[in-house]
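Each of the next two complexes has subunit A plus one more chain, namely subunit B in the first and subunit C in the second.
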Partner chain A sequence: MTEARFELIVLGAGPAGLAAAKAAADSGREVLVLDDNPLPGGQIWRGGPDQAPNARARAAFSALQHPRIAYRPGARLFAAPGPGTLLVELPEGGCRLGYGQLILATGARERFLPFPGWTLPGVFGLGGLQALAKGGYPVAGKRIVLAGTGPLLLAVADTLKARGARVLLLAEQAPLGRVARFAAGLVRHPAKLAQAVALKSRLLGIPYRCSSHVLEASGRERLERLRLSWGGEEGFIDCDYLGCAFGLLPNTETGQLLGCTLAAGAVAVDDYQQTSRPGVYAAGEACGIGGVDKAQIEGRIAGLAAAGRPEEARRLFPARAHARDFADRLAEAFRLEPALLRLARPDTLICRCEDVPLQALQSCSSWREAKLLTRCGMGACQGRTCGPMAETLLGFEPRGSRPPLQPVSLETLVSALSPTDPR
Partner chain B sequence: MPEAVIAELPIRLNGETVRVPAGITVAAALALAGQQALRLSVKGAPRGPLCGMGVCFECRVTIDGRRHERACQRLVADQMEILTHD
Partner chain C sequence: MQYDVIIVGGGIIAAALAESLALAGASVLVLEAQNAGAGVSAAGMGHLVVLDDNPAELALARDGLERWQRRRAVLPAGAEYRECGTLWLARDGEELAEAERKQARNRTLGLDCKLLGRAALYAAEPNLAPGFAGGLLRPDEAVLYPPAACSWLLANAQALGARLLEHCPVAELAEGGVRCADGREFRARAVVLAAGTASPELLPGLPLKPRKGQLAITERYPDLVRHQLVELGYIKRAHAATGDSVAFNVQPRATGQILIGSSRENEDTGAELNWPLLGEMLELAGSMLPALRQCRILRAWTGLRPATPDGLPLLGPVPGRTGLWLATGHEGLGITTALSSAALLAAQILGRKPELDPAPYWPQRFHQLSGSALHA
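After this line comes the complex of A and B, so read on.
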């Protein structure tokens, strides 16, 4: 196992991580940026610098040219054996990394809720289908229904339409009243309003229905047909793909592994983005869903604070407050309708890795019991998909996070356990 | 839209050589080759990619002899050896 030490490690090369790395490097720190993805950019700029959609993205990617920033893609953190040490699996093998300070910019993933047929091939996450399409997944000519909530629904439709997909319907779960109030409130965020108007005009002709969600997906070997509820009525649509998810969930596993306190399902931070662990900071979606503006500002604050520049960090507090105001409006407008929690039938699978249906979990009183009796959450994804569902549907206590965070190769584990590098 | 010349490269998919555009993910290459389902669940149901971002492990395949690689998180490479349903 190879070893290296850095003044600052930033975990995540999305908007928050790139902004944090740049702020710290500009202040003289040597920074290592690690990301699991093959390309930098996080969720929003997933295609990397070559596919940067605008000047803002290009400016963000310029961080990677900085002489004091090193960047490693395809890096999976799998353990934190003690303070100041991370074990990371790189494409060429395991690596033990020391750090003085750490910034967690691990972003968010989608919230899935189970409904009959959601395990069929052709049913994707909403942002998941967007991410796949950005990676070259064929969508041209496909008949696609998108169901979910919030602005991501429109962003994904835009991406897919630009790649030649036939988007048949946008099903927004929130009622029209809340969506309209949110839109009216955008006058306080004029830049967002302009974006929304431009987006809407590009999507002209695609039906957008509020109070709408999927009831059931069906097909033989893959998705063929959907049963939907729109505004209280039911109907069927034949389609090739469904993109479907219900909001975002902060990725907190790394924070939990390091012993950071959580609050409201996100990594808790103070004014300077520091977590409950001294020297460990968090920024972006990992410490609360809020989108790209919030992610970049928090990243900058974390980078400056980690580099010992609290005064400069303070100057960004008003901008952060403005971005968080937008985040609060989003959360309120697009909160989940209770009907979405009642779509699963007793035989609907909750854990896709171990094929555990809802009815097997209903007799369990805790995660521990569910794991022991049903193997729920014990498969390859280690409960990342079923965990939040079981917490929401069954009221289980949130899971802890134990190493290894992700399945690693035996070779890497063995080399991680040997204290010195024999090679 | 300008016509870009897309470079192609050969990969080995379940023993057969196919040519795919460079720069795409393994999940995309498999879908282009007609493989939407990439594995069978423990009870034998077909499964394909779900999250597209490395979280769900539904897209796992064997790449160059390494099992449980996530097809959505890897880019295709020249002569890459991919096995589905492994």
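After this line comes the complex of A and C, so read on.
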């Protein structure tokens, strides 16, 4: 068993985590950055420094060269057995880490909603399909429909088109009016506007339909055909892949493990990004979906606050307010249409791990009861997909989390808990 | 409305009792503070086992197991009844001699069991660590999934006219009825307190102590173990210590998952995991079943067993309190003995002759319950 103690541990090496680590290290703190992926960058810059898409990403990655920042990829946090202690699975085994302060920069994951056929092979998450394509999964010549909401639709289409895919349709669930108002409001955020214009011009020729969503995916062994609703009409499209998700959900499980209060499905923070647990901060998507600008500014504020520089942190408050304004506009423009919550049939699976259909949950009055009687959420993903679905569709209370945070081998768990070797 | 019986608690003991009473034609109201079956019943291992170290415990457990066996065919699939048998493991010659004595005792009692030598043991459980001397197999013992079994018993009771109110905590046991936290009052000729570890909150002074345990469950590894495995040293380990202890006990669940136990803590009653003790428990399991070391642990949790000083449940009338009955204190055998406890207590409440001798389980055996010393 190895054991070590750090003044500050940052969980997550995406935009928020990198910014937090740099701000704290520049202020003299010794920082350990842990990330469960093999490469840093989070979901947005997941290729790591070698594939940094722009100068901003390159600048962010430079934090990892800082003399006071240590970085461990492939590190999976699985338990917090007491104040100031984390149990982590490293590639070489279990380990116990002590910390003085902690910054949660755990990011977000895609929100899925169930519709008939959503578990068929060939149906992917939207960001999931983008990540696969960037990782070399062959999409050239494939007929692909992208469905969901928000700017991610355009970004994914861009990635897929650049790799030779035939993107047949972008189905945006939000109505045209809201999307148009959002686009007009981008005048306040000129950089975003320029990005959007460039992106749209690269996607000329791909139909972009508002008030549109998938009604059903069908096929014998795998996805063959989609039934869609576009602007109130129904139609069919034959395709090979569907990329489909409905926005993002903050990853709050680590915050819950540490006992942090949640608000509106995100880790609640004060002006200095501190959570309800003293010395534990959160930044980026984990405390509210808002994109890379918000993530980096919040990361800097958290890093400065943790390093005891509240005055410098305060100077960033106006920039954060501006970034949060954009996030609010985004949330308003792309809020989910109620029709999306009525797509599942009684036999549509909600919990893929334990094969639990909607009808089995409809007689339950709470998530606790659903878990007890149907095993919903008791499988390998520990309810990360079906829990939010059940909350949205059935009004269940938000689920708690039970350790370990992620499945971990018995050997790793035992080694992380075993007494320290005398040296 | 006046009920014949109000049952305070909605765990498996309450559920089985509600079914027994409803079947006999009694009008029954079940009041559960949270979700039915979500307390002690959900936290445990769900084993149906007969331990032979105490005649009264044995009688109740044996009757309970036989009742589950008789109803096996009608249990819903979700109850995941699995007749995996219990295999008691002997580490050395001394424990093997104990297994032989246990076999002789079981034979006298007419309990089916089979002594396995070293070769037979490893044929039955190829993944066991080397070095075991043998084992004793009780082939007809089983495991099940208690929340689903509890829900089924309650549904049966409801089909027979019983009424279930969930999320309805009882605040007070009044004369001839109960008062709920929301102010509602219900009246009945008999009130049964079957609230597990919460029972002393309504009847202070009950000789009942929560004994904390921890469990962990793996992802799916079908066929890694085939029987419920318990070490013969279990009783020694589990009961000898006044402090915290761990013992080896694993089960193959119907889902292919492996449920790993067990531990006992006497002082701590918090819901938090005791991580060092969990580490000890898992290390012991890994030393007995090396293949388990690579298995991924999916969840770990704690539970509180309602334990009495003599290890027997409290089943019977509360002395000095007309119409008040107890059905609690089953510690780790509440699932095994749910149906037998229900039959035993239902008969007494209804004024009929029970099949088992009820005296060993009567609450009056404890001096603090022998007079009218208990007042709510």
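By definition in this document, the second predicted complex is superposed on the first by the 418 of 423 C-alpha atoms of A that agree within 3 Å, B and C clash if a C-alpha of one lies under 4 Å from a C-alpha of the other, contacts with A are read in each partner's own complex, and residues count from 1 in each chain.
Methods note: a contact is a pair of C-beta atoms (placed from the backbone, for glycine too) under 8 Å apart; a residue touches a chain by one contact, two chains touch by 3 or more.
Keep in mind that what you see is a predicted model, and the values were worked out from it rather than measured.
Peer 1: In the superposed model on subunit A, is it clash or fit for subunit B and subunit C?
Peer 2: The answer is fit.
Peer 1: On subunit A, which partner's contacts cover more residues, subunit B's or subunit C's?
Peer 2: The partner with more contacted residues on subunit A is B.
Peer 1: Going by the contact rule set out at the top, does A:Arg368 touch subunit B (first), subunit C (second), both, or neither?
Peer 2: The second partner, subunit C, only.
Peer 1: Mind working out whether A:Ala380 is in touch with subunit B, subunit C, both or neither, as first, second, both or neither?
Peer 2: both
Peer 1: May I ask you to decide whether A:Arg352 touches subunit B, subunit C, both, or neither, giving the answer as first, second, both or neither?
Peer 2: After superposing on A, A:Arg352 lies in contact with subunit B but is clear of subunit C.
Peer 1: For A:Pro278, is the partner it touches subunit B (first), subunit C (second), both, or none of the two (neither)?
Peer 2: So A:Pro278 meets neither subunit B nor subunit C here.
Peer 1: Using the superposed model, measure off the angle between the directions from the CA centre of subunit A to subunit B and to subunit C, in steps of 10°.
Peer 2: Between subunit B and subunit C, as viewed from subunit A: 80 degrees.
Peer 1: So in the superposed three-chain picture, is A:Gly128 touching just subunit B, just subunit C, both, or none of them (first/second/both/neither)?
Peer 2: Touch partner of A:Gly128: subunit B, not subunit C.
Peer 1: Touch check for A:Pro190: first (subunit B), second (subunit C), both, or neither?
Peer 2: Touch status of A:Pro190: no partner.
Peer 1: Looking at A:Thr119, would you say it contacts subunit B, subunit C, both, or neither? Reply first, second, both or neither.
Peer 2: first
Peer 1: A:Gly141 in the overlay: touching subunit B, subunit C, both, or neither? Say first, second, both or neither.
Peer 2: It touches nothing on subunit B or subunit C.
Peer 1: Is A:Gly395 touching anything from subunit B or subunit C once the two structures are fitted on A? First, second, both or neither.
Peer 2: neither
Peer 1: Of all C-alpha distances between subunit B and subunit C after superposition, which is the least, in Å?
Peer 2: 7
Peer 1: Do any residues of subunit A touch both subunit B and subunit C, and if so, which are they?
Peer 2: Common to the two interfaces on subunit A: residues 379-380, 407, 409.
Peer 1: What residues on subunit C touch subunit A, complex-wise?
Peer 2: Touching subunit A: residues 34-35, 37-38, 42, 78, 147-148, 151, 166, 218-219, 255, 260, 273, 275-276, 278-279, 282-283, 285-286, 292-301 of subunit C.
Peer 1: Which residues of subunit A touch subunit C in the complex?
Peer 2: Touch residues, subunit A against subunit C: 79, 81-82, 87, 365-366, 368-369, 372-375, 378-380, 382, 402-404, 407-411, 413-414, 417-418.
Peer 1: What residues of subunit B sit close enough to touch subunit A in their complex?
Peer 2: For this pair, the touching residues of subunit B are 21, 23-25, 27-29, 31-32, 36-37, 41-43, 45-58, 60, 66, 68, 72-75.
Peer 1: Once bound in the complex, which stretches of subunit A touch subunit B?
Peer 2: Against subunit B, the touching part of subunit A is residues 36-39, 43, 50, 74, 109-110, 112, 119-125, 127-132, 135-138, 221-222, 352-355, 379-381, 384-385, 407, 409.
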